[in-house]
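The same chain A turns up in both complexes below, where it pairs with chain B and then with chain C.
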Partner chain A sequence: MIITTSLYDQLSALYADKETAANEGFSRLRAAAFDSFSANGFPTAKNEEWRFTPVAPFLKEAYHFQPAADAVSDGGMADLSALDAYEVVLNNGAPGKLPSIPGVKISALRDVLNSPAPQAYLGQSISLSQSSFAALNTALFSDGLLIEVEKNTVVDKPVLITHAYNAAWPFFAQPRLLVVAHRSSKLEFIERYVVDGQQALFVNSVTECFVAENARVDQYNLQVTPPNFHLVNFTQVSQRADSLYNNHTYTLPGASLVRNNLHLDLQASNTESHLYGLYLAGGRQLVDNHTLVNHANPHCFSNELYKGVLADAARAVFNGKIMVQLDAQKTNAFQQNNNMLLSDKAVVDSKPQLEIFADDVKCSHGSTLGSFDESSLFYLKARGIGESSARNMLVKAFAFDVTRQMPLAAVRDCVEALITEKMESLYEPA
Partner chain B sequence: MENNNSNEILDDYIDKEYEFGFVTDIEMEVAPKGLSEETIHYISAKKEEPEWLKEWRLKAYQSFLKQPEPHWQNFELPNVDFQAISYYAAPKSGAKYKSLDEVDPALLETFEKLGIPLSEQKLLAGVAVDAVFDSVSVATTFKETLKEQGIIFCSISEAVKEHPELVKKYLGSVVPYSDNLYASLNAAVFSDGSFVYIPKGVRCPMELSTYFRINTQNTGQFERTLIIADEGSYVSYLEGCTAPKRDENQLHAAVVELIALENAEIKYSTVQNWYPGDKDGKGGIYNFVTKRGVCKGANAKISWTQVETGSAITWKYPSVILQGDNSSGEFYSVAVTRNKQVADTGTKMFHIGKNTRSRIISKGISAGEGQNTYRGLVQVGTRAENARNFTQCDSLLIGDRCGAHTFPYIESKNNTAMIEHEATTSKIGEDQLFYLNQRGIETEKAVALIVNGYAREVLNQLPMEFAVEAQKLLSISLEGSVG
Partner chain C sequence: MLSIKNLQAGIDDKQILKGINLEVNAGEVHAIMGPNGSGKSSLASVLAGRETYEVTGGEVYFDGKNLLDMPVEDRAREGLFLAFQYPVEIPGVSNINFLRTALNEIRAYRQQPPIDAKEFLRLTKEKQQLVEFDAKLVNRSLNEGFSGGEKKRNEIFQLAMLEPKLAILDETDSGLDIDALRVVSNGVNKLRSDKNAFIVITHYQRLLEYIVPDFVHVLYNGRIVKSGTKELALELEERGYDWIKEPAYSNS
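Moving on to the complex of A and B:
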């Protein structure tokens, strides 16, 4: 069934316009992507991957595809001024002034669409039929960022990408990021969001990240946004032999809808990947994290730790899938999801999923769901610590378990400070 | 050095033929093939059923027609031609025996081969057997003893005649006729099954047990079991099956409904060893069963234990609806798949009442090209204060072409709930094998030992009489399997 919102029709019209103006090497990919989107439409609850995440209510706004306003970036809610980084600002999806980084090609995607890297990598690893939103982005994205790290280059400072949004009316944005780390290179990049104005914003972003042989990429995603913000994020990572990829995704109270899709494709052996996530949700927020780690080759290691703290009437969805293909012997794959519910209206739907076709593997997953541990609370109170401080302490202990996995101290401090601050507004002791 | 040997043993094991395959030659009365309203009228008339039951069957049939085939399962659904099945088969020699002497000797021999010497049942350690041979109950033993305590243990067709008020009240109350495609089919055409009622405060003095057996080619078996434990009562029920070897697929779509009222406890154990098909996956039983229990009153308890070694496809989720406060549900399962067998099994625990507890232990063993799926749901409703769940699902892989999959769903709407889920997948540890080898235990025995230990937690839940059979089954299906 296809939701035929006016948005769907608008998008079709937009695509028709664009098609006539197309003058780039991607028309075939875009056409396939658009066909896939029009066939599947926006996902409904009947789609197993979207069972707990109804998007239709968020698509009702009369969205425009042009912001008709300039984004202003003044750092926003995630203060990273302590971080020494190369900075890039994407104003409503279009890159502003670009830094020059030795050994790194960094450009606005629209200017380089016909150059070798996008031609070789863009849209190559995403299964369009599996993800309607990613297909839509592929069909219609107009700009974004390309970061290409040359081989044997260790980028000395992290790259901080600020997505700044401000629109005069409800705005539907589709930014695209392409990150290519060539052989034996190293890159750290951080994404954060700055939102001005009160208009509804729907961001459907796609990031593709290629980690070549012996390369290392660390990706940070800090999602601290106001309630008028809606995010559907699709990250596709392809790892070649001996590579290392780390992902840190943090979602804090604010955005009404956050859906993160993180797909890891382990295309060669001896790779290592770590996925860390923390979601702290309040109000009527809906935070959904879907991860897929596809072990297609032997001797790969993946580890996943996602934790969630839910207050008020927040809803969280976690779906972690580990696939171990027939040839992927000697796989080590671990996954853990812990949830803490602070309010009796909060809802969690957790689905840790293992699909294993090889026998010589070590795989495990664990999922827990609960509230405060009474004995821990009692222990603290018996030592003269007040109820609310004790509870705060326990929540922090729970959450900082994830944050301490971040090697970049400036980012870690920023996130921990944000958690502490948000906790105070989230949890009102009874 | 071990490797060659292991491969041989492994091949032996994978090639192992079904040990219980044989066909009993008894004259049968069989309904013409096909499914239509006439079929239902035919069955209903044959069984001399009251009007309300026929109406209910017809409603179920309408519901069956409306439902599409499911597609969410983790295997390819074989094409079952519902029109090619005969929906009624009864041994012609008549259905009402008073004593065992009247029973067809060929039939008794069947049970003999299965290791259930019916004639000796009365002398055995207190097991009453309601043996269902295809569709009609042939002999019920120990009935008199049970009757003294007011316990009703009979075939469901008999219950319809003699206790219509109980059947009418509870039939379809846990698994409604519109529940799913196969449950609707069962409701429309169910031929027979067992009915148990335990009166208030009675502790059933013996394990009740039924042995099912599919005979006659192309007769799908549609058993319906209804167990009601009234306030403060206790019953343990055993179900076990072996089926003769057949080349054609046979559909088994049973429905089991359990109702536990206040302070009652029902323990339901299954050992399932239907014909699994040959090593190329040809033939074998499709075991699509809907099993569900409801803890209707406070402090009620329902426990499912299953050992699944047979069937080409096993597809069932014995579930518990924890409606009463302080009620508890348990699910213990061992599922073994080898050759091209598929098992998609697990449980659903619906926490509705306060202080409800559930415990799920699932042990999957996959060998050859077997695929084992655990699919579970733990749902905590807004009213279910202090609900508690613990889930453990482990998978053991033997051979490099098998698969183990887990699809746990955890849905909580209450922050006082405590839910834990853990799962592991691995093969038999080389170090464990080495340790046992080093102590003079040969590899084959070591594997059996490890697997038995692995499944121990579940096997321990089985009643004595069954545990022996289950252990035998496990060792037959797993002897010589080396990781």
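Moving on to the complex of A and C:
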């Protein structure tokens, strides 16, 4: 804990430096955020939201806040060369060359902090007191990306954001993404990670996504990273009337810690949201997905499907909260979390949480935990299919039930190929 | 082809098969009938290798090889096929990929190269027409959302594709309407040859009007208590099973 305190001291010093240097319009927000972080500190097991996910072991490194090395992006493990996209690379959190996209403002956040969109949206939707990591990022982020889609603009190609990391020493990064899709616009964006080097990397990222009236945003997050990578990711989505938001989050074997927080705030009526997630974990990985869908208005639809496959001594947490506020009549909210355990040592903590205050709603949730279905295995073997092919078929079928929800074929193919490849290394014949 | 001698098997401590004897030769169709709980489906499961059953005695030879020593998949690769009473739904596994995998694993076992794509397509089309299996269902997930009749037809389609030496139809007729029954039976009749054999397990004599057996056996209380020709099935239809049960009691 002493070292954690030292990280805390370092962060305080960093904040003090920043404050004296600040001439941006965010000093009040940053101060409030840092106060919130100071008051709560890094979350411990006493915090209900972090009960199964101890972060302290991952904060013990002697982290630096500058990478002292350049990141090189070669596409990493997620090969998306088949995808026709606008590409942006964030080198250790700082955007490189930016594409020019008709109808879209795409900028390095550090260059535009005082312009209208960040001023109007940044930090506006996150409950800082509820999330220490997001508060810390808000207080200290120095760069990131702004994507602002003008109204009625349908972005013709997806935007591929590559987070490239490489550091000379243990590196603590705090990138920030701000996505604003104005009225009746449409945007698809994909995030992936490329990690070089062996140094410990702790990435505390925050994405804020505003989906205006009648707009549509599809977000893909492909987390295929090595074990020296630790990720705490906070995504806050705000949806206005008649909007559609789809999220596809994939965590594959590698990173020793991944914590995804995905919060949806349905701020007006007749919205639609789909949340799809798949985690495939092996080794001693810890993968935690916390989702919150806040139905505050009538006639909104949300659907959530998260699946997990765990091998070795991997641990997974799924916590899916659905709030249906008093005014949110005619809500349709569905949630499903299915887990497949391939080893006796793997652990899953699955916690659906429904809090419903309205009385005319349709809500359902389900959580399952199992191994191979013996009758399915027998059926396949009775047709001449060997034990290991049969098991592979069943795991793939389980996982591809989620991947088939991705409308972008190039991304789907890439993920399915990765799953197939990673499964070979995860799978041990019984 | 198949030689069963004094086969005894059960689940946990419960003895279900209490000494089955049966010889099946190439070109023959054997019907196994009997009241509920007599052990008909258990016999099918034991032959296919379902792990929940424990074989406690007897032997089974399939083309001269000890069947009971083989894992489930090798029994299939040797040419044994079980048409399931309750085919399993496996969402996410496409019917066609499943069949290609099965066919190629069987071919690999027999040291044959994988089937090429064109030939596989041709074979699929041919067999699908032979057993009147809806082309739309071929590309769907394995049995997912299929009706009862569609599932049974899919079993017969798989049977046609894999061309086993011995096929065991486990109550394939149960729950089928007369049209589906006709389709399934026609499929089986087209696949009959002097090189393969069928064991047709059924509860109802009706099926045997369509698939005419060479032999009929009555299974009761884990034993074959009576064997005969197709006329036996008619007699069972008329008189029920009660008259069969009596000798079984006096024997035991």
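One rule holds in what follows: the second predicted complex is superposed on the first by the 426 of 430 C-alpha atoms of A that agree within 3 Å, B and C clash if a C-alpha of one lies under 4 Å from a C-alpha of the other, contacts with A are read in each partner's own complex, and residues count from 1 in each chain.
By definition in this document, contacts are C-beta pairs under 8 Å (C-beta built on N, C-alpha and C of every residue); 3 or more make two chains touch, one makes a residue touch a chain.
Remember, predicted model here, so these are calculated numbers, not experimental data.
Superposition model on chain A: chain B and chain C are shown accommodated side by side without a clash. Once the two complexes are laid over each other on the shared chain, residue contacts for A:Asp35 go to neither chain B nor chain C. If you count the residues of chain A touched by chain B and by chain C, you find the higher number for B.
Once chain A of one complex is fitted onto chain A of the other, the partner contacts of A:Asp312 are absent, as it touches neither chain B nor chain C. Contact with chain C, but none with chain B, is seen for A:Phe400 once the two complexes are overlaid on the shared chain. Applying the stated contact rule after C-alpha superposition, one finds that A:Leu326 touches chain B and leaves chain C untouched.
For the combined arrangement built by superposing the two complexes, chain A sits at the apex of an angle of 70 degrees to chain B and chain C, based on C-alpha centres and given in steps of 10. Of the two partner chains placed by the overlay, only chain C lies in contact with A:Phe378; chain B stays clear of it. In the overlay built on the shared chain, the residue A:Glu49 is in contact with neither chain B nor chain C.
Per the superposed model, the minimal spacing between any CA atom of chain B and any CA atom of chain C is 15 Å.
Comparing the two interfaces of chain A, the one with chain B and the one with chain C have no residue in common. The residues of chain A lying in touch with chain B in their complex are 48, 52, 326, 329, 339, 341-344, 346-371. Per the touch definition, chain A reaches chain C in the complex via residues 373-376, 378-387, 389-390, 393-394, 396-398, 400-401. Touching chain A in their complex are the following residues of chain B: 72, 382, 395, 397-427, 483. Those residues of chain C that touch chain A in the shared complex are 48-51, 71-73, 75-77, 81-82, 84, 87-88, 90-93, 98, 101-103, 105-106, 109, 141, 158, 162.
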